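Before I ask anything, let me first share the structure, which is written out below as structure tokens.
Lettered A, B, C and D in written order, each chain numbered from 1.
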Amino acid sequence: MRDLVHDGDTVALEGFTHLIPHAAGHELIRQGRRDLTLVRMTPDLVYDQLIGMGAARKLVFSWGGNPGVGSLHRLRDAVEHAYPAPLELEEHSHAGMAVAYAAGASDLPFGVLRGYRDGDLPARTRVAPIECPFTGEVLAAVPAHRPDVGIVHAQQADRHGNVQLWGITGVQKEAVLASARSIVTVEEIVDELEPRPGAIVLPAWVVDAVCLAPGGAHPSYAHGYYDRDNGFYRAWDEISRDRDRFATWMRRHVVETADVVEYRASLAEAVPA
Amino acid sequence: MTGTWTADEIMAVEAARRLRDGMVCFVGIGLPSLAANLARRTHAPGCVLVYESGTIGAKPRRLPLSIGDGELAETADAVVSVPEMFAYWLQAGRIDVGFLGAAQIDRHGNLNSTVIGSYDSPAVRLPGGGGAPEIATGVRDVFVMLRQTPRAFVPSLDFTTSLGERVRVVVTDLGVLEPRDGELTLIATHPGVTADESREATGWDLRVAGDLRETEPPSGAELAALRSLREAA
Amino acid sequence: MRDLVHDGDTVALEGFTHLIPHAAGHELIRQGRRDLTLVRMTPDLVYDQLIGMGAARKLVFSWGGNPGVGSLHRLRDAVEHAYPAPLELEEHSHAGMAVAYAAGASDLPFGVLRGYRDGDLPARTRVAPIECPFTGEVLAAVPAHRPDVGIVHAQQADRHGNVQLWGITGVQKEAVLASARSIVTVEEIVDELEPRPGAIVLPAWVVDAVCLAPGGAHPSYAHGYYDRDNGFYRAWDEISRDRDRFATWMRRHVVETADVVEYRASLAEAVPA
Amino acid sequence: MTGTWTADEIMAVEAARRLRDGMVCFVGIGLPSLAANLARRTHAPGCVLVYESGTIGAKPRRLPLSIGDGELAETADAVVSVPEMFAYWLQAGRIDVGFLGAAQIDRHGNLNSTVIGSYDSPAVRLPGGGGAPEIATGVRDVFVMLRQTPRAFVPSLDFTTSLGERVRVVVTDLGVLEPRDGELTLIATHPGVTADESREATGWDLRVAGDLRETEPPSGAELAALRSLREAA
């Protein structure tokens, strides 16, 4: 990961509610990455942490809350008070983000949707009217997402580096294929991938690095491996609300842990305290 | 068990009653999911639940806690990618009803879920539009669920996140509003709530329908189904 | 099917090399449909038969051969000699057809691809240049396919009418979703669909009719049910080369059979003869 | 077993030799599939076969008879829809080599697979472009496999179906042509074939490379692998 992600890069960590690549986000924090442009439909806790640690210069997103709980306080602090640093926003709708990723995966410079109509969002995002040459209907064009690095978490890779993920697969295939480089963290490495209903497979030759990171989606979930840690999402509201408490938590559980195994162990220790 | 219920419960019951068997509903988490699942367990067992995470025809056995709950994928007729969901299913007009919430609503049903204050220097940065802008124009009927306060029901939005043109009903904790002649109008109050209380909770001069009625109280069956859904979660 | 397909309709029978809806094509012939606009990436034998029987006014396609064998003689006879009737052509590339179906499934009036560049095809098809509003790159816009009726063959439906197909699934989902009405023929009806790797599921509420037609893809194949009848594809070259022999064959095996069961039985009888 | 081989065999062998381990190849049925599968069984076991039917990384145990053979789906790393294949995989530039055939080729490698004669009133209506137009401009290198006759190697195409700008090699039954200074040039003849024979089989005044060489005869191992592939089919 150190070789593939550089300061200043545009990075997309995807996983729509499921398989959120938290372990990869933590590793970016441990490596002290700076000035990142972070792309993600739903920033979730993973970007709240990166933003709160000052790793981001810009956020490209469509819904920035703590699902089912409320605000992302570090994101809000950055936007409302420029703390710890100003954060530029490029804001989309989900539909616009999805089309932009699909255009990137297709190596098209733009994608088309019927959306961004009126309202105040079009003036605040990158969108342009485009006319159908056959019917004259005016639709919205959005520029393709082409991140420098796409990062996703998957259940399995095989020894050749082919990757399989299943359950809710969101926009992960598009995020990987739209990016110049890609990294996949996985729950386990198996001898052979057994085809699964609803799975997507990313062949080894479109993935630059596969890293073993069991539990690497926590507090998100990995279908067939472990459930979403709903308690952690609720607890994050309190942890992240206060700047110092956030900093202390991040130091103890992320900065001062070496990897996902130590991170998980540090959380287990913290619970009884 | 009748006679006493929470604001959330009557909102969920009133919204659920508007769903018909076989309707295809784009459902967000929280109250909309509660309402749609309640409809499936009462009068509309064939109501099709679509979540923006990609699950089509989900039949959750317990109330999901996120729109990407594993339970949704396991019980769905089909799970599709997010780009496919927005292009082939929402944009293509296959969804009958979409539920929306927001921080602010105006008299035309336009919604703000983006910022309180100015966009560049907001007092409160809200989560943002998510699926709402295209849900608001892509489904046939938009149902809004929102607690009624003067801070939420405002004369002028700080930011227009989604358009109100397809809003057919707004279910609040105080009553039910529907558009009449292009403006949201109070058409029902919940039991024990007066039209004046509803007007006081509204930041604009709320129109009241001449045929204002009282919401039918949640039935015992409705409340029982609702509570068993929440307990299972 | 009699209620859903009318003379003059635009009809797409899809199935890319696999699950070709032959039984449905035969039924259109038995019902004497006329003036159809037939849409299909690879016309294959199913459209050779419809064209040879005079059911088609126009063909929208991208590759019109007998795969691995050679020509579609009835298609050629219609184009080269207007026999049994003139056939208007709207010719695309595979990529253009795929984009047009995807645009139709998305209810967009057009789709965009990097294609149809120079050469003689652009002048012969429905394509228009479209400029990226962000980069200035000129790409190709193709009008969406919006057939009146989409027809596919699948392995299974359940008793509610939900449909599952797996193996090579081609452009079938798009063909159904792009069409105003849709018909699915299936190998079998089961109590419950068991999720399969690589399957697509069409919910009952996007399908207008499900018809049981075991063997309904023959001479194409149904993954998990029966193999492709390669011998039939080779034999078709001879059968279809001659107008009279074709007419005799169609009468015996299609027009004078009531359904797919009788069709299959008539073929079995013919083999020893 | 060396010393005698068919035109198809030497064409497949010569094409296969140009594939390197790990290359991603867009393969059509017939000779291209034979060549690519031969490469996988000889010097390039890691060559990735992609068929336009949607199968990525197919490892067929017998030679498929159609591009949609069930064997391809069963042995593939991934099976994707046809729209995805053309958008995310071909158009996105993920394919190294694409094989094309045609009815006619000109000196620039432009191909005709649409009509002989005029488009509106053709002498022979050919199958048409299929995947070829976008393969020709979407892959890095186009390999053409085509029997060399004056009817096929023409001064002027009746119809330009696909462009020749990325054609890197044309393997025929008589020899091998590569573009030199923008024109296809004979760079090798197969054993027993003279440059004059190749020129006579070409409808334009064929350039012959100064360093014209003779194709290395198919080895025993190549022929054995090739024949066992065909026998298994």
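The criterion applied here is as follows: contacts are C-beta pairs under 8 Å (C-beta built on N, C-alpha and C of every residue); 3 or more make two chains touch, one makes a residue touch a chain.
All values derive from a computational prediction rather than experimental measurement.
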If a chain touches chain A and chain D alike, it appears here: C
Maximum centroid distance from chain B, chain identifier (CA atoms): D
Gap in Å, rounded to a whole number, between the CA centres of chain D and chain C: 27
Intercentroid distance (Cα basis), chain D paired with chain B, Å: 58
Between chain C and chain B, distance of the C-alpha-averaged centres to the nearest whole Å: 42
Where chain B touches two or more other chains, by residue: 87, 91
Interface hub residues of chain A, defined as touching at least two other chains: 102, 107-108, 113-114, 173-174, 198, 200
Touching chain combinations (by label order): A-B, A-C, A-D, B-C, C-D
Footprint of chain D on chain A - complex, ascending: 102, 105-108, 162, 173-174, 177, 200-203, 205-206
Residues on chain D engaged by chain A in the complex (per definition of touch): 22, 24, 48, 56-57, 77-78, 87-88, 91-94
Residues of chain C that touch chain D when the two form their complex: 16-18, 41-42, 61-65, 67-68, 71-72, 75-76, 79-80, 91, 93-95, 98-99, 101-102, 113-121, 124, 167-171, 173-174, 198, 200, 221, 223, 227-228, 230
For the chain D and chain C complex, residues of the former touching the latter: 29-30, 52-55, 65-70, 72-73, 79, 81-83, 85-87, 90-91, 110, 114, 119, 122-134, 137-138, 159-163
Residues on chain A engaged by chain C in the complex (per definition of touch): 107-114, 126, 128-130, 132-135, 137, 139, 141, 143, 195-199
